[in-house]
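Please go over the structures that come below.
Below, chain A partners chain B and then partners chain C, in two separate complexes.
Let's turn to the complex of A and B:
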């Protein structure tokens, strides 16, 4: 195999798959990338058994072939390589030469026959989707992460489902302490199973890198894979199997008390409050009372702080407690000048909506004191 | 009754130093008066009760007085918890299996252990000691260190303080003790042991450095059997012999103990008297009647201990956030596993559940001899808990807590046997 390609083009492709190939699996070869050259095009292929990437790029091909090379090292070489074009040349079995002239790398490759095969998926019915909105949906959902030893499927993955009677799809992400729910309108007929699908959050964060705002995006579901297509590149994410809990009760604000508040101001209060937080003491007390919220935090190791926010609130007094960091996380993803907090009692969650942002609903669970 | 002062011995009496003790004490006393803050010189007392358990039993039952008795479990597998001085004459010592003790002297009287009585007496002793100084460090149920540095003006010389303590314990509790007085902690302990029982041993500051050199290495706290073997090879008999070796060699041979011994040999002991703080943990454990591998037996024991611990916690209005289990095997090796909890709990069921979770991941291929649970991270207030969106663990635990509290009330009113877990019947 021998080909020459625009360095930037290949570098960009490799940078998109670093998340996939750096994910350690039982199979060592998944940290490799498979490159094949044929008919004046090369194909870059990565597969970590959960997420699969394939991209096709134009190149000047001298001879056909397939190689399996360490993705990270190739990426690093491409990053530092100075010339416009780069030459990859398989000089003998399993040895490849990168570069020409003054700069030359001699790299050992793996046997490409051991590379996990691409899942056989054909006849995917794609629908086109607004890439800017879809990118935000993915961004919002990937703010809620999970811990290494997590086992709950609904925390490991996000739920993508259809809202009945409306031309909308919804992505729900949660770690059982906070939740985001993002709605997106679409026109074409997009088929999602009734109970929704669960896409792993690892795949979602790969998608976040994959989607570009100004490029057309198509999505589809087939054979237990969620598939996203962008021009010459495609990403396939293996779905998780399991049930998703009933979150609809939690985001229902019908019986809750709304409080309008300026987002920037509230965010500043939360940031100041979190200064005194520590691993052991992370809860701030929120005292909702007539025309104001009094937020206090007490950390026996450092001290305490208190702030009063003036709001339009005329209901009963409610004393509850939240983790201020959760508020900071959520407020940062709301695109709206003013927000509405919904509360009910000391044990009820706090539902947050942006006044000018009807796509996103967020929920934070309280801390019992 | 022997007068408490009779037992006073100054170490130079034993070591054949020429001076009589009285003038010496006076000089030292003067010294303190002149320069009370001089250097880091301290006065440490080590109070050690004489044959504590058996003395209490002999006190409470005059028939046992002057007879060889031991306190220990009544089962065949029991060991001697304590032996009276009369029994010690027959070579019976604590931690010896009871059947062996009986072999040594068949006429031995075995008295069952009454933990609560000993603990109560111990508390009374500590209460007396605390009247002399707040710096009382209880080492075990029957011994304590006292730091009386700077108390001389208030309470008299350290000799008088020691005599006074001894007198009061004798008068109020009819028990005798041995007291060691020294400028450093480890010497105080050695001193109290030197002329046991019923004796006060004083090592004066200016003699301490000389005295240290003569201390038998076996008597030094921290030197165990393994170390003694090594000492024999190195021909170390006294602390003075330690000085023949460099710190580097000692560290290589004995690790941290070597470093400690090196300092001890120069009469340096920087450990401070740590007064007992708040209660840190509660534990409950039993040695099984027969070694077992049966999971059911283990579970049943866990349930039993969880009940005891839960009741103790609720009685004292405590919550725990840390649970650990302990298993000892028939080869006397033991393992402990612990877990930090997200919730503060006090219900027996929750403790039981957590202990089962801890053992679930263990591979046990030896017979179990002892089973125990201990709870720590105690506080009177529940720690704030992040409520979960979909799981109601907290609610479940709260419900069990209510049930357990009701059971406690019923047990208090009608006796502890009236209501029980069915498996524990």
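Let's turn to the complex of A and C:
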């Protein structure tokens, strides 16, 4: 195999898959990238058994062939390589020469036959989607992360489902302490199983790098894979199996009391409050009372703090408690100058919506004191 | 069916001997106790060949007359009790009247005794239970009993004897045990004519204790003294760093009688709780003194077991005496670090929040002002200033606030300080310095010529455990979007159903969900990023393991404590976790604030120490 390709083009492809190939699996070869050259195009594959990437690029091919080369090393070489084009040449079995002239690398490669086969998915019915909104959907959903030992499916993955009777899809992400819910409109016919699908958050964060705002994005679901297509590149994420819990009750604000508040101001209050937080004392007490919220935090190891926010609130007094960090996380993803907090009683969650942001609904669960 | 007959005495004595004279050391015990009961001042024990050849006990006690001596070898003959009333408040070691005839029935037995004011002594010789000879003889005051060829007529029993050394070991144990319990009497022990133990009557208790437990542990012993409701407990216990793998070195004396009582041993353990590891045993010598009528020794002929009429009191007294002694010694130990222990503020002073309320501010300030003017004690000013404040012109007062605050800060920093929470700055950091972390698990620090290694997980576990344990600390619980379901077995479900309220007090909100399924609706906020289910399963397992019925209110502290330990273990920082300097400092500071900073709640040590001298020795700087 021997081909020459625009360095930037290959570099960009490689940079998109570093997250996939850096993910440690039981197979060592998943940290490799598979490159095959044929018919004046090369194809780049990455596959960590959960997420698969495939991209096809124009190149000057001198001879066909397939190689499996360490993704990180190739990426680093491409990054530092000075010339416009770069030459890859298989000089003998499993040895690759990269570069020409003054700069040359000899890199050992793996046996490409060991590379995991890509899932055979054909006839995918794609639907086009607003790439900017979709990018935000993915960003919002990856705000809520999970820890290494996590086993709960609904924490490991996000739920993507159709909203009944509307041409909207919704992505729900939670770690059981907070929840985000992002809605997105689409035009064409899009088939999602009724109970929705669960996409692993790991794959979602790969999508975050993959989606570009100014490029057409198409999505589809087929054979237990969630597929996203961008021109000549495609990402396939293996879905998680299991049911997603019913979250709809918790985001229903019908019986809740709305409180309008300035986002930036509220965010500042939360930031000031969280100064006194520690591992053992992470919650602030929110006292909703006539025309105001009094937020206090008490950490016997550091001290206390109190702030009063003037709001339009005329209902009964409610004393409840939330983790201030969660508010900071959520407020940072709301695109709206003013927000509405919904509360009901001391045991109810706090539902947050942006006044100018009808796509996102967030929920923070209370801490009982 | 053959006729039923009353057994001849010689046989019944042999049967009794089976219980009383189990092995040579039981003979030694019976004879030594007799000698003590005879008010001897000096007792000599001579042993040959592990007691199989000869056991000879000679004392300088009151002795017996010829008639009494003959009676003594009859069964159920005793001088120690007279009425059945006496049986319930036994002051002597013996009382059953069984020992001598039992011993005599399985050995060649010679009793030589002489009373005060009597010209001649008496010598009685019995072989295998048969009285062979009674004669007058010259003898010093007191009694001497020789037991030769023990078990010569019961070959089966003889066969079961262990090696000479083992039997001698048991004898020496019994001997030193009895010597410990009777510090005013001189004791000598000879084996094959060599003096091997000698307790003089001027020894103090500590020396005798060391004699028994070993001299090298002198520095590891702590004194126990405790008195409550007619129960007095004294003695010595080892500090938690010194443990053994068996309970052999725990010696218990109830009214100077050496006893073995598993319940007392476990009471001692409770005292050590959180300080020693599982399957390790402390060393202890404890003397319990209580009213004779509160103790029943008539449990077994060997009298190694006792029953207390007020069991629970005794056990809890033992536990608290041990706890107290350990706390004392620990306080002494870690003072050299130069850290002042501060009581953390139990409750948050709500008044600190009432900033906008004038009254409160002005009160505090007026205190300062009063002090400036009159220098009155704080208490008086408080009551005084209230009336004063009301009377004062409000406007003028407000005008003064600023200035008085400034002055008071300058002039009276200490009083002012007490108004604010204690902070890290109070911590004396001059005595230690953190060097760093090794293996991402241990913190190294230098302090007072010592190198100290701290296990970060164990230390953090201890910190959290003590925090959780404080009644004022009620853990907040984080509600869950998606309740977790617990599928349990019948037994586990039964347990969890009974502990729902207690779990709630730990911040775990659980509700039954039909049959043996439960849902967890909220989890403790301090572990809200850890998996909760394994913790609950472990808690249930622990309760099952403890065989505690959670309905039993009295046992609640015990299992709740186990749950707290589990919770702190789950939430504590793990090993293999890199800490920065501030985190390490905080960890160490928090640890030293703990009541028991030296051990994690499971009993593992939190820190180990090397002295400078030890290191210098290793480098051969000093030899």
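Note that the second predicted complex is superposed on the first by the 369 of 369 C-alpha atoms of A that agree within 3 Å, B and C clash if a C-alpha of one lies under 4 Å from a C-alpha of the other, contacts with A are read in each partner's own complex, and residues count from 1 in each chain.
We take it that a residue touches a chain if its C-beta (ideal position, glycine included) is under 8 Å from a C-beta of that chain, and two chains touch if they have at least 3 such contacts.
Computed from a predicted model, the values in this text were never measured in an experiment.
Applying the stated clash criterion after superposition on chain A shows that chain B and chain C collide.
Within the superposed three-chain model, A:245 lies in touch with chain B and with chain C [touch as defined at top].
When the two complexes are overlaid on their common chain A, residue A:296 makes contact with chain C while staying clear of chain B. With both structures placed on the common chain, the touch criterion links A:320 to neither chain B nor chain C.
Contacts of A:16 after superposition on the shared chain: neither chain B nor chain C is touched.
Contact comparison for chain A: of chain B and chain C, C touches the greater number of residues. When both complexes are aligned on chain A, the segment of chain C among 9-17, 171-179 or 351-359 whose C-alpha atoms clash with chain B is 171-179. Shared contact residues of chain A, touching chain B in one structure and chain C in the other: 154, 174, 176-177, 179, 245, 247, 250, 283, 321, 323, 347, 349, 363, 365-369. Contact residues of chain C toward chain A in the complex are 344-345, 348, 352-353, 355, 420-421, 423, 464, 467, 474, 476-482, 484, 509, 522, 525-526, 528-529, 531.
The residues of chain A lying in touch with chain C in their complex are 147, 149-152, 154, 174, 176-179, 245, 247, 250, 279-280, 282-283, 296, 298, 300-304, 306, 321, 323, 347, 349, 363, 365-369. Residue ranges of chain B in contact with chain A, taken from their complex: 384-391, 394.
Chain A makes touch with chain B in their complex at residues 154, 174, 176-177, 179, 245, 247, 250, 283, 321, 323, 347, 349, 363, 365-369.
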